[in-house]
Amino acid sequence: MSVNSQLQNQSQTITSSTKQTPSFFVRWLRLLLKSKTGTIGLIIVLAVTLVAIFAKSLAPHDPNLINPAMMLKPPVWADGGSSAHILGTDNLGRDILSRIIYGSQISLAVGISAVALAGAIGVFVGLIAGYYGGLIDNILMRLVDSFLAIPTILFALVILSIFGPSVTTLIVVLGITNWVQYARLVRGEVLSIKEREFVKAAKSIGVRNNKIIMKHLLPNVISPFIVISTLSVATTIILEASLSFLGLGIQPPTISWGGILSDGRDYIATSWWLAAFPGMAITITVLAIIFLGDWLRDVLDPRANN
Amino acid sequence: MGKFLIRRLLQIIPVLFIISFVVFCLVFVAGDPVALMLPEDASPEDIEQLRESLGLNEPFHIQYFTYMLGLFQLDFGESFRYGQSALPIVLERLPATLELAAASMIVAIVIAIPLGIWSATKKNSPLDLLATGGSVLWKAMPNFWLGIMLILLFSVTLGWFPVSGRGNFSHLVLPALTLGTGIAAEMTRLIRSSMLEILNQDYIRTAKSKGIRDFYVVNKHAFRNALIPVVTITALQTSTVVGGTLITETVFSWPGLGQLLIQAVNTRDMAIVQASVFIIAFFVILMNLLADIIYKLLDPRIKY
Amino acid sequence: MAEALLEIKDLKTYFHTENGVVPSVDGVSFSLKKGETIAIVGESGSGKSVTSLSIMGLIGSPGKIEGGEVLFEGQDLTTMSKRNMRKLRGNDIAMIFQEPLTSLNPLFTVGNQISESIRLHQKASKEEAKIKSIEMLKKVGIPRAEKVYSSYPHLLSGGMRQRVMIAMALSCNPKLLIADEPTTALDVTIQAQILQLMKNLTNENDTSIMLITHDLGVVAEMVDTVIVMYAGQVVEYTDVFTLFKEPKHPYTKGLLDSTPKIHELKDELQSIEGTVPAPGTITQGCKFQTRCTRATAKCFVEEPELKELSSNHKVRCWLHEQEEVAI
Amino acid sequence: MKRKRFWGIFLFVITAILLVGCSGETTTSEPTDTEQNSTGSEADKNLTIAIGADMVTFDIHDHNNTSTEAIHVNMFNYLFKKDENGEIHPELVEEFNIIDDLTVEMKLKEGVTFHNGDPLTSEDVKFTLERVATDDKLKEYPNYKQIKEVQIVDDLTFKVITHAPEPSLFHRLSRLGSGILPKKYIDENGWDHFLSNPVGTGPYQFKEWVRDDHITLVPYDNYYDGKVEEWEEVVFRVIPENSTRVSELLTGGVDIAVNIPPADWERVNSNEGTSIVQEVSNRVIMLILRSTEGLPTADVRVRQALDYAIDDGALVNNVLQGGAVPTTTMVGPGNFGHNPDLYETYNYDVEKAKELLAQAGYEDGFEMTLQAPRGRYLQDAEVAEMIAGMLAAINVKVNVEFLEWSNFVEMRNANENKEAYLLGLGNSMFDGAYSVDWYRAERYAGHTDYKNDQIEELLAASASNMNPEERAKQIQEISTIAAEDLPFINLYQEKINIGISDSVDFDPTPDEMLYAPSITSK
């Protein structure tokens, strides 16, 4: 073990020794504030979440209100821009800012729900496969291999085109394509933890299997799970945009960032703001989520911290 | 090694079975393509007639049986759209996609390996921040957007590269950059973190204690160890790369499997969908197998 | 007495972590003569490993030597150029690490790793290096040295690996060998063999040894001088006989009491309650205050100096200030 | 040794990747030169046309794809051909003679040869027409099943016999199913060989087809009407992504690009060396209403109210930027039975619409669903959303439901249509009868549930009416009734929008064909 990691252990000793004190949350906050990118990430993610929640009160216009008189107005600072439409209007005269504000709802909801679904399936399968091993493990892992062999976007494309691209279908599709990474993660952790003394001891005194799983195994996989989930929300938002590009994303009048971006791409060269702002919304949010996820990994996973 | 290979190959069989079953189910629930084969103004009588003559009314198990029987002879059925056997059409398109995928992978490796190592050894330097920041930014950008931007910049404005299509090397540059840099962003992050972990290992300290130059410590002792996870990472990216070709091919009109597949999906040409999903999955499995073999060869600790 | 081979003066190595500055080594001074064997004793976290790495110049970010001098044959290593330092490392100063398992690169053969050093420092050709390496492997008592030469580390047992490490460290006849807990990870039966081996080999070339350990049993067997470290500081510094006979610091006593001795059968072994506080957490008073059974009010307020009790015995404790006053 | 093995592996992997890449490249070295030559400089005689979707097949009877026919038209000739005014003239046929209601005798032109050198004979015509008229698996079968048989009189003379009097026969023989196939060539080499090496009688012959990439045609030296000298090579490049297609046009990568989205018209026009040319297509965009009992749209006043509430002019001018012509009939100009009174006009009167709604008992409006595809027609999604916005003005709350094309087709097929859906109907027959047949009650029972006895009578009468003038009147009358009774709301007739380089001259035709002999270099 190197000096650096020894030091790490020391600082962990601090964390664990102070865990009982009520300042646990404060400690975390302090840890967070020490990482600039983590702080920025958290602030943006919180901001986007708030925007999504309060979209109705924040949006200056009805996002679907068509106004032929105000078609393709540039943002307020550009020539011909209007202060009524800060980020300009689209080809039907709809307010882009309002659309982006409303779009955050679906983009976040899809991202989070899909990840939650994938996580639930993945953790379940991973626990079962890792804990019971043998034939069950073998079957489940072959299933995992099969899903890994089909690219997510391809699978999503086929399913969405068959069942039609609704929000629910999208969530389900992304959920059932992404669970494999959680299953592999959890299985791996379970395999290593299973061999540890405390599990063996619990087993030897006759503790029931599901109790061992819930009490000893599950808590140990939570940290890496949170890290992967966070980053997964980011990938899901991108994936939704890509599916919109292929025409199988969320369909209007439901507004998603991917949808606005993809609709705006015909205007990239002529009315740049149609695509640029939703593009920025996606990029900034994903960036923030990645920052947050990286920070979480540094804090939760001692191996990755240097 | 032989035993390992045999075990690994045996594992592929159930995987292929599962995939073929999933693919079949997809096609079964997809319903029949007849309506799409006829024009907008076709009458219901016309539709029913075509349905009858194509014989799409068999029950599930019979259709599955026929399907599996065909599969063993590498027959995925006839493409409704092309009126030809599906597999040759798919295979015909495979080289274009492989070309794009390989070029993107090379772009990704050429960017990611030096950048990942560099930012790991110079951790927290401005260059590291630039590299990590850049890779996160790239990761956060939808690929099609990047592609369209590259066309506008390098083709329309600067005129350096052709806009689209497949042909000589210059046609390959923009699509490979689009897809490759996207993959590189992910790879750089992974290589950096795996490199950081290795630079923290005891044997690196040992090497340094012997008075070896940092350059050799990094490139001999660390990199070779870091390469082991990188091989796995690269293989796991195969799926992402192939998935990414769907988007990139559409943006750049690259005549590969991706475009064929999208057309097939849109027209419910399920024979093509089946064949291409199967071929893609097979390819990904093959790459993972290859990675496993390389992994074993690279790491003397693993016994065959 | 010959001139000191190594002299450490007020060495300060601090780590700049996200939680603030951590003084891992906080003003350590000692010296080591040619041929002498010195032990640095302390629990994990006491700063003994950081001291050795500071000498080697292997403290990496976020650690930094903040002050003091490391004089090796009169040259200050802390200010030496990287290039010259590299020439020294592995050649004049060699190091053996605690974990023979992880300290060898798993992807290179044993021979590759030994000859790497020889080729680098002695400008030997590939063949020469190979001959020398095999010779070294034989010297450290490895049977079938030619075969081991081309084996990968994972195929060897722990004891064998540590022998390989010793062979590697001694391959360039260093003047100073730093051994960081060289036997901790090994079986008891092998520990003695390895220590004996180190002793024998270094005697041949009059190599000085700096042994870092938490095991006083090891100390008794092979060293001349002992430095006891606690929380980044030297708390007691004396020759091995004095230490065992008359330990002055409560911490040293605690350490001695917790070492099993075959001759004195005790009912139970003593142990020191608690763990070493993380560096930097105690800002006032004696660093040992939290675990000392004899701590007084003063210990919590004022930090004691390293006090010279006799010409070869220094201790950092208020108890001994008072004794003197009492005399 | 061991270290060498490592680098060996590393090199192997890199080489393997490179090899895959290179092997891919070598297989396509061929199109490279065509690409390079096609970048529209003055001297070159290559024409490159960017199309949005790849050709489907060379089986001219087994697709229903206008953009596929747009390419085929260069390689195959029809027995008859429509001119720009929509009038039908013989093409491969020298002269014809209507013997009775069921029989037409025709004589082929002399000296017509296929690209492989074989002369065109009656055998070929019989083979072609009977194939499509009898094989019910073919997608064009419904349009040719009216033909009973082709009787050969001599090498060049034959009789086409229909099952029943068929007034649209000449329309049918002047469109995609009637391109004449080489019987001898197919008999000798097999159908699959024909599909990969197609042979026709047209001005251009097949050179190569790289799927989803390009199709290359070269002039046929022995074309009966004289070799086309204008182009040495015509390349159709497949570029599905709109912005990419536009970029190719702007950078001179292609000479002609079809389907330019309105957003880019200004850009193409203001760019030096390119411009947009337009022509009204034969595709009418309409709302198919459902008249099923119980729905508000069962009431003709509601249907009329919807029509009055939709400002077709605003759709055409704002959303489509002038890329369409408002219309109230399905039968456009150039079609048999066109009624000019119903064309270039529309109803828009919000007050009247409200009144009609009130009369129908919907003073407070109602809620309805409008289903629409996305990306199928010019600005289709925008149009649907705009209509929803317009109907809100008369208190009709429209829920727009967008369906991906295959789901849309499925919806139609399963009769899951709601109050209205947006559809574009083309008419490759250019015979109005073909369009107004959509009003036939039996045809869409359970789908639109529309029935108008007057229309039923007129439909029945026109179906076998061999008197062209009378039949045209009947079709016009159906249109007039429909414009009032509104089973569907006809919105506008789409324009074809083609971007062309200044170096070529091209006037698009309503049938959307890309007939290379009509494209000239400047």
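As written, the chain order gives the labels A, B, C and D, with residue 1 at the start of each chain.
As a working rule, contacts are C-beta pairs under 8 Å (C-beta built on N, C-alpha and C of every residue); 3 or more make two chains touch, one makes a residue touch a chain.
The model shown is predicted, which means the values in this text are computed figures rather than measured ones.
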item	value
Central chain (distance from its CA mean to the mean of all protein CA atoms)	B
Pair of chains joined by the greatest number of C-beta pairs in contact	B-D
Separation of subunit B from subunit C, taking each centre as the mean of its C-alpha atoms, in whole Å	52
Distance from the mean Cα position of subunit D to that of subunit A, given in whole angstrom	44
Distance from the mean Cα position of subunit D to that of subunit B, given in whole angstrom	35
Distance from the mean Cα position of subunit B to that of subunit A, given in whole angstrom	22
Residues within subunit B bordering two or more other chains	31, 123, 148, 152, 156, 201-202, 205, 224, 250, 265-266, 268, 298, 300
Residue numbers of subunit D (touch at least two other chains)	2, 6, 243, 404, 406
Set of subunit C residues in contact with two or more other chains	53, 99, 102, 107-108
Interface residues, subunit D side, partner subunit B - complex	2, 5-6, 9-10, 13, 17-18, 20-21, 23-25, 27-29, 31-32, 35-36, 53-54, 56-57, 59, 62, 64, 136-137, 139, 141-142, 192, 195, 210-214, 237-241, 243-244, 247-248, 250-251, 253, 404-406, 409-410, 412-413, 423-427, 434, 438, 443-444, 447
Residue numbers on subunit D that touch subunit A, as the complex places them	242-243, 246, 261, 263-264, 266-267, 314, 318-319, 374-375, 381-382, 385-386, 388-389, 399-404, 406-407
Touching residues (chain side subunit A, partner subunit B) in the complex	1-2, 4-5, 139, 142-143, 145-146, 148-154, 157-159, 161-163, 234, 238, 241-242, 245-247, 258, 261-262, 265, 268-269, 275, 279, 282-287, 290-291, 303-304, 306
Touching residues on subunit B, where the partner in the complex is subunit D	31, 35-44, 46-47, 49-50, 53-54, 81-84, 89, 92-93, 95-96, 98-100, 102-103, 105-106, 148, 151-152, 155-156, 159, 162-169, 171-172, 224, 227, 250-253, 255-256, 259-260, 263, 265-268, 294, 297-298, 300
Residues of subunit B defined as touching subunit A within the complex	11, 14-15, 18-19, 22, 26, 29-31, 123, 136-137, 139-145, 148-149, 152, 156, 193, 196-197, 200-202, 205, 236, 239-240, 242-244, 246-247, 250, 261-262, 265-266, 268, 273, 277, 280-282, 284-285, 288
